[in-house]
Every structure is written in structure tokens, then in C-alpha cells.
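Look at the two complexes coming up: chain A is in both, with chain B in one and chain C in the other.
Coming up: the complex of A and B.
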């Protein structure tokens, strides 16, 4: 049985990628399954999807904990999620990155394929939706399915939903990624720390399952405990504030959905970038253009 | 007279804390965050199944509200907040109880519990955050979805494109009961928003706030357009701002000139398939609403007198 785990961000198409690779395997007469991680996360949040491929019937219905192949659709996830947790020793990893595989640090030394899927997607699809390009790189990493069947699966899946032209462009993206992918071995210096999660056992469950503000297993639980999620990693841009232009109208403070805008004592504002998802609403409501959005990684 | 509250003088302490899981540019998060700032810490929140529940309230054992938070089944927001208030009354505590439901949980599923609570005139605040479809489960049509909009259950096909029915007029359903206060709010009209929430907080009895909250993923719009969408909705007449107090309707903001609906539709992906005839149908419906809302017809006095005279009720001068 060949198991694949996808790590992406909401909106990148991780679920679609898992379904397409499963369909490609089915087209070759194999058995396959694909399903997402069911969570409450939204666009931009780290998400997971899983796929299993086998020659015989698959009875396993659990999530993939020890994948043969790991697919990372956004390089920044390496820093915030334990993506390589459970990856098999002889497995391989596919990472969407501009850097060469030998410069990537996954925390485990395995065969690694890096491909700049974002550039390919923007070039061919004119949108940073990387799922189809990453499929091409996956075939390059391991030929458990052929590129032809992946392209056929893309045509079936995307062509049906978005029209034949969209299907063809997406299958071209897979081919381009197959050709441009770079092979190598990644480094294993990073320490993989598994996230701990706490749920009360039935003996611990309080009446009415009500929980007060407290700490369990090293993390805050109860009212207000969600502020330990630093959502600032979701976004692609950050606000830049020019205090000289500000007229202290507080419209940005009102409109920020995350509460990242703080009012100082003199009614100027400051930004808490740990939580900023980069929506750009503060820049939009500013009448004096005191706030501009800057893409992350762009120079000052 | 005391000066009205505005966004510069409103309370600053957050009670929907940061770190919640809503999409970037979420209109619901903007609305609820500011409502909670005004209601203050002496508040208990109830949220039924909705985006707000999974993103802000209840990924058990975590919660982004730092006030008591409660949730139960989808359809019973009105019933549960009535019960919570009754419990506090019994304990002798004066706590603001607020139920924040989505449009699905208000227009469709929760309507009977809402109508019951309104009829009993329970001393609670009911807030409907209206993003015009069941966004939490992936954009299914609700009673609030406007004419022509794409959803997964009103798909765009060759024969039928998008929803064929018009948006339900929920405010007239709710205000048909003599409730203490009802108002429509928009996150783009900030001072108006703050004043209405403050007014709702200060009153006793059943108070209903209906907030228009654009949704980036369901409306297929850019996250930074949330504010523009809320503003354009009011300017085009898709949404109007008014309050109903003691049976009297008062328009709180009146756009100078009606903006063509296409200006609002073109900002969103859910309307991009719309044909010319469909846009005309929608525009006609909006014009009707606009006239009803902003140009109340003066009752023709002479005719009335004439009728009264014919019926024999009018004695003087006949």
C-alpha cells in the first residue's frame, strides 16, 4: 500500500490534488481512496489531505500517520507545522519551493523533489493554485502512476468542472512541473515537535462540559484560549503604517477582523503582526493612505 | 443631551480575542468583534452551528470568546437564550444574554424559535449575521440568498442560472411582533453600527439586530473587498439601514443617489454568470424595495375622506 499525505493551505487545492491522484490510480485499474482532514480551518490556514493507493482492496480508513510520500504545497508550513512527522525512512518528499532539495530542511533525511509550483501555476493558470503542478512533481518522485494517467485524471476532474480549456491548461502545468522538478536529498537538522492536544477523558469531563480558563498539558484551554493560535502565518502580506499621515480616525481599528490593530494612548495605532492574516481591510478603509500592504518577503 | 457613542469613544476592550480561525477579511468577525466590544464583559454568548461557532466559539476545549460561551443545536437560538436569561433571572444576576446566529440559523432553521422568543418578548439580544448562504458547510442556498446568486444548491446550468427566488424580508417577519428594538446594520457604516448596538444594549425586552456581513469565500470576492461590498450593498439598495422602535420605522442612512446594481454585482464571483434579463429582474425588485423604504407614499387624503363619507363614518361637513 502506498500512502500519501498532503500539507497545504486552505484554498490551494490539497483536497483536489489528493482526489486527482486517486482517480489517476483508479484509471490504471488500481484501488485508491482520498479524503481531507476534517477541521474547522479556513482559507489560508494549514490543512491536510490524504490518499492511499494499492493493488488490492483498501480496508484502512484512518488518517495517514506514516506516509510513504509527503507533499508540502507551501514551503512556509515547514516552519510552523511538524509536516515530516511519521514520514517513512525510505519515503520521499515533494516540496513546493524555489530552493534546491539539498537546501531544504525537513527534519528527516530522505529523497526530496523540489519544484517551483507557484511560478508554474502563475505562468500557466494565472493564479497561485498549485495543486495540478504539484501532481506532476509527485509522478517524478515516484512512478506509482504514470504521467499520462495523471493528465487524464486532471482532464476528467477539472475539464468537467471548469471547461475543457481549463483542464488542458492544468494538465500542461503538471507536465511542466514534471520536467522542471529537481531531485536530491533534503537535510534532517530540524527537530520535529508533534503538537500536543488535550481533550478531557470521560472522568475529567465537568458537568455540562463547561470548562473554565485554565491550562492543561502545557496549553491554555477554556474561554479566550484561542489566542494561542498565532494566525499571522496564514497571510501573504502585512500592513505598513505611516504615523505622519494618520488622522487618528480609528476606522482601521474598527474594521480589523483579527483585532491586530491596537490603539495607543495618543490614539495612534500599532499592529500586532503575530495575528495578521493580511486581508488588507485596514489599508482599504484608510482615508489618508497611511496604511499600505506589503507582500511578505518584499524589501523595505 | 448626551453625545452619542462613536467609533472613537466606544469601549476598547476585546472580548472576541485574536487567534480565531475565520478567513482573512471575514465580515462576521468584524461585526461580532465590535458587538462584543460594546456589550462588554458582563455578557453571555450563545452561538448555534455556524462559521462563528467553529472559527470563534467552540473548537472544544478552546474558545476565542473570553466571556461565558454556550452552544447547542442549530434551530433553537431563540429558545436557548430565553433559557439562559431565565436562569440568570432566577440567580438574581443582571447579565446581557446575546445569541449570534447566521442567516441559515435565523431565516430558515431557527425561525420558529426566534418567533417564539420575540412573541414572549424575552429580555435578550438576538443578532443575525447575514452572509446570504450556509457558508460554514460550503455555500448552500438559504432563504437569505439574493436572486441570481450562485450557490452549490442553486448551480449555474444551461436552463437555470443561480437562485430563482428573492431574498426573504426577515425584518418585517420579526418586527411584526411588537418587539422592543429591531435594526439593520452594516459594517461599512461604523458610527451607525456602534450607536445601534449601544441602543440595543440599553433597552429591555427582545432586541433584534440584523447585520450584513460579506463573505469572501462564498461570495467569491477578494478579502480586501469586504468593506467595499458592505458599502456598495447600501448604496445600490440591496441593503438598507433603518431601525424600528416602538413600532416606528426610522431610516438612519439614506443614499444620495441609487447606484446601478451592476456596480455591486461585478465585485463578486457568485453573480458573474448573470444574464441581462436576470440583472433587470433584480434591479426591478430593488427599485420596488427602494421606493418602499425611502419614498413612503403619502396616503391620499382626499380619497380617504371620500371613502369615510361614503361609509357614513364621516359626519362633519357632509
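Coming up: the complex of A and C.
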């Protein structure tokens, strides 16, 4: 049995990628399974999806804890999630990155395929939805399914939903990634830190599905504890503020769905980028164009 | 030609509904069920299914509409989960006694408080007294196949009772698997046109679901009890017919795995059966005489079948994914009741509560307890597996 774990961000199409690779295997007469991490998904938030492929019927219905293949659809996840945890020795990794495999540090030294799937997606799909490109790179990493089957599965899934043309460009994206993918071995220097979690025994569990503001296992729990979740990492852009143009109308402060526009004593505003998801509403409502949105990583 | 598709459990249910030519689908969305009715809405929109799709203002209304539609003699379907099923509770008692063979897919999800969206059986188990048949399935092919079998069983003149198909939230509902789709003509041959027992028709007036005095209600209730009992043979018969038509068989009320020569066995239901198969394979490879009984129907309950299948065992365990506070899981209670008078030690094994992942080691731990029990050692009557903190 071959097990795959996908790490991406909500909106990149990790679940669809898992389903498509499963469908490609099924088209080849194999058995396959694909499922998301069972939870709520939000755009930009770190998400996981899983797939299993085998020649015989797959009975194991658990999540994938020790994958043969790791698919990293967003490189920035390496810094905030224990992405490579459990990856089998002798397994492989497929990473969406401009960097060559030998310069990527996954925390485990394995065979690695890197591909600039974001550029391919923007070039062919005009959107940073990298799932179909990454599928092409996956075929390059392992021959459990052929590129032809993956392209057929893409046509089935995307073509049915979005029309034949959309199916074709997505299929082209897979082919482009297959051609442009770079092979090598990644580095294993990074320390893979297990996520902190408070797991009390039943005796320690507070009664009444209720908890006050407190600290457990080195982190805050209860009211206000969500502030530890730095959702600013989810966004693709940040506001840039020009105080000179600002007329202190406070519309940005009013509209921000995340509450990260703060009023200063002089009624100018400041932005708490730790929680800014880059939605751009503040810039949209600004009457004086004092706020502009800048893509992360873009030069000033 | 039959086609093979990569489908989620929810999609498989929707394809089943299409193949059964269901005519009325009242519904109200709820996670993790919503994709079923979305897929059905797509079929209707694309002209692939000729049915009335009625968005209701609650699950209570959805079930009320289903009752009204079925009473006019049309094949009816709805789907829900968890709190949605709980809100239907009042209306769930109508179709069994009024003898309306409605199909309801319940995508199992735990009931709050401690609200979650993940699988647990405390939603559907609470409805096992309502008079609905209940089947629990382990993969997406079985989802599709049991929609087909379910209508045939429910509409059979010897049964005429509503059918609740329970499938595990997320573990099936959102998981893509290989599903073989039969051809429409094959399904049409297998599932004849629905002929209702009674039918509301303005030209031939009939009182239906009227107030009933104590002078009559007891006989009606006993009739329902007998009706559920006669479903047992029909379920087995339909499974045989299904195997003839489509080449797949599920064993009727229960199925067994590696029971030949087994000294200890575990009763499982839902997707737990699937992962437990892996545990059984691994333990058998170590030379351990373990087996599995897949409980498919909770209603009618396979009491005779279980007694027969367990006769030669030294210990029997029952897996439960829900709990009646202080009195075990419901599958255990029903099993021990059915086994009354038997010498075989029976233990309850609670796991996967609130959707906690059921892994192969969890099932191996259950078999460990069973082996101890078989060798005469004292073991707990009920063990919670994967629980943090000493029991």
C-alpha cells in the first residue's frame, strides 16, 4: 500500500489533488482512497489531505500517520507545521518551490522533487491554485500512476465541474509541472517540532465543557486563547498605510472582519499584521486611497 | 456497461437515489450530510433525475414533508445527521406505524454538547426504538448498494417499513473510494415500481394517521413488532437477489470474517469493521485465533444469527461507538440480551467516541482483552480504549 499526505492551505486544492490522484489510480484498475483531514477548512489556513493506493481492496480507514510520499503545496508551511513528521525513511517529498531540492530543508533527508507550481498555475490558470500542477510533479516522483491517467482524472474532475476548457488547461498544468520538476535530495537539518497540545486525562478534564482563562501545557486556554493562532500567516497580502493621506474617517477600523485595525490616540490607525488575512477590505473602503494592498514577498 | 467512479460516500448515496428513480426529496442541509442533497440537486438540475426537490425550513419539516409525499404513494428520500435527526425525532415515529417505506440516510455525527462534527453513533442509536430499520455500512460501495437494497426491502409487501441507512461522517461521507455503478436497466429490473400499501387519493377518500384510542393502539403496535420481525427474512432474501443481479453480497443481517476456527471474536459496525479487518489479518498472521462479526442491521436485530455465529467462541467482545451513560453501549446491551443463557463471557469495548481516529492498534488492544477473557482471567465488563487516565 502506498500512502500520501498533502499539506496545503485552504483554497489551494489539496483535497481535490488527493481525490484526483485516487481517481487516476482507479482509472488504472487499482484501488484507492482519498480524504481530507476531518475538520473545518478556511481559506489560507493550513490543511491536510490523504490518499492511499493499492492493488487490493483498502480496508484501513485511519488517517495517514506514516506516509510514503509527502506533498507540500505551500513552502511556508515548513516553518509553522511539523510537515515531515512520520514520513517514512526511503519515502519521498514533492514540494512547491522555486528552490532546487538540494537547497530545501524538510528536516528529513529523502528523495525530493521541487517544482514552481505557483508560477505554472498563475501562467496557465491565472490563479495560484496549485493542485493540478503538483499532480504532475507527483507522477515524476513516483510511477504508481501514469501522467496520462492523471491527465484523464483531471479532465474528469475539473472538466465535469468547470467545463472542458478548464479541464484542458489544468491537464496542461500537470504536464508542465511534470516537465519542469527538478529531482534531487533535500536536507534534513530542520528540527521537526511536534505541535503542542493539551491532552488532559478524564480526571483532569474540566467539567461542564467549560474552562476559564488559564494556562495548560505551556499555552493559554479558555477565553482569548485563539489569539495564539497567528492567522496573519494565512493571507497573501498585507495593507500598506500612508498616514499623510489618511483623514481619520475610521472606515477601515469599522470594516476589518479580523479586528486588526487599531485606533491610535490621535485617531490615526495601525494594523496588527499578526492577524491580517489580507482580505483587502480596508483598502477597498478607504476614501482617500491611504491604504494599498501589497503582496507578501513583493518589494516595496 | 457498468461504470467505475471515484466517489465519496455522500455521492454514492446520491447516485443510489438517482438509480432508484426517487420522486420526492424534501431536505434540510447539515454537515456532514449536505453533499448528498447538493449532488441530488445537481442531478435534478442537469435533467438526470426527474424528482421534486423541496428545501424545508427544518429537519422536522423535511420529515413531515417526506411523510406527506410518501402517503401519496411516491418513492421518497431525505438525508440528515446528528442534531438534524434529533430534530426529526417527533416525526420519525410516524412512517413506521403508518407504513411508509421512506429512505433516510443518516450520516453519523455526534450529538453535542461538546459539539463536534465527527462520527459517533449516539444520534442514530437513540432512534432505534422508533420502528425504522437501521443498517450500518463500511464502505462507499455498500452505501450505494444499500440504497438499492434498502428500497427493495422497505417496499416489500411483507415489510413496508421505513429504512435508515447509517454511514460514518467523514470517514465515508467525505472519503473518495472506488465505486462500481450498475446500469439503470439493471436497477429497474431489481427494484420494481413502488406500489404503496395505502395511498392518499382525493377520489378515494381515506383517513390516515388518525388519533387512535387505547382500544386499538396496542394491536397496531404489535403489528409493527411483527412486521419488523418479518423484515429479517426479507433482508436475507434481498441480499441473495442482489448478489444474483450485481455479483455483490453482504450477508444480510450480519457478515463474518475469519470466524472459522476463531476462539475469540469482536462484533463491529460501520467503518470500524473495515479497519478491524486489518487488525484481524495481522493477528491471524501471528497465529492468534481471532475473528470478526460485522453487525449490519441494528433493527431488526440479528439475535438468532449472533447466537449461531458465536456458538464455538471462548470470548466475545462488542465494539460500541456510543454510550448510554452508566449502562454500556447499545450494541453491547442488545448483544448480551440476545445471548442470554450463553456461557461465553461478553465484554463491551467503547472507542472512537466523538470521532477519535480508530487505528489498528486500538482493535488489537480489544483482542488482547478478549484473549485474557478467554483464558479465564478477570477482565473489565466494559473497557474504554484510547481513553486518557485510569478507568
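Just so it is clear, the second predicted complex is superposed on the first by the 294 of 300 C-alpha atoms of A that agree within 3 Å, B and C clash if a C-alpha of one lies under 4 Å from a C-alpha of the other, contacts with A are read in each partner's own complex, and residues count from 1 in each chain.
Keep in mind that, in the parts below, a contact is a pair of C-beta atoms (placed from the backbone, for glycine too) under 8 Å apart; a residue touches a chain by one contact, two chains touch by 3 or more.
What you see is a predicted model, and the numbers here were worked out from it, not measured in a lab.
*Asks:* In the superposed arrangement, does A:113 touch chain B (first), chain C (second), both or neither?
*Replies:* So A:113 meets neither chain B nor chain C here.
*Asks:* For A:235 in the superposed arrangement: first (chain B), second (chain C), both or neither?
*Replies:* First partner only.
*Asks:* Contacts for A:177 in the overlay, against chain B (first) and chain C (second): which applies, first, second, both or neither?
*Replies:* A:177 contacts neither chain B nor chain C.
*Asks:* For A:199, is the partner it touches chain B (first), chain C (second), both, or none of the two (neither)?
*Replies:* After superposing on A, A:199 lies in contact with both chain B and chain C.
*Asks:* May I ask you to decide whether A:209 touches chain B, chain C, both, or neither, giving the answer as first, second, both or neither?
*Replies:* A:209: touches chain B and chain C.
*Asks:* Would you mind checking which one, chain B or chain C, touches more residues on chain A?
*Replies:* Tallying touched residues of chain A, the top partner is B.
*Asks:* Looking at the overlay, does A:223 come into contact with chain B only (first), chain C only (second), both, or neither?
*Replies:* first
*Asks:* Return first, second, both or neither, reflecting whether A:53 touches chain B, chain C, both chains, or no partner chain.
*Replies:* Once the two structures are laid over each other on A, A:53 reaches no partner at all.
*Asks:* Per the definitions at the top, what is the overlap between the chain A residues touching chain B and those touching chain C?
*Replies:* Chain A residues touching both partners: 40, 199-200, 209.
*Asks:* Going by the contact rule set out above, which residues of chain A touch chain C in the complex?
*Replies:* Chain A reaches chain C through residues 18-19, 22-23, 26, 31-36, 38-40, 58-63, 153, 199-204, 209.
*Asks:* Per the contact definition, I'd like the list of chain A residues that touch chain B in the complex.
*Replies:* These residues of chain A touch chain B: 10-11, 40-45, 198-200, 209, 211, 213, 216, 220-231, 234-235, 248-251, 253-260, 263, 267, 272, 275, 277-281, 283-285, 293.
*Asks:* For a test of understanding, state which residues of chain C touch chain A in their complex under the given definition.
*Replies:* 4-6, 113-114, 117-118, 169-171, 174-178, 271, 274-275, 277-278, 355, 357-360, 387-390
*Asks:* So in the complex, the part of chain B that touches chain A is made up of which residues?
*Replies:* Within the complex, chain B touches chain A at residues 7-8, 12, 14, 16-27, 29-30, 33-34, 54-56, 59-69, 187, 190, 216-217, 223-228.
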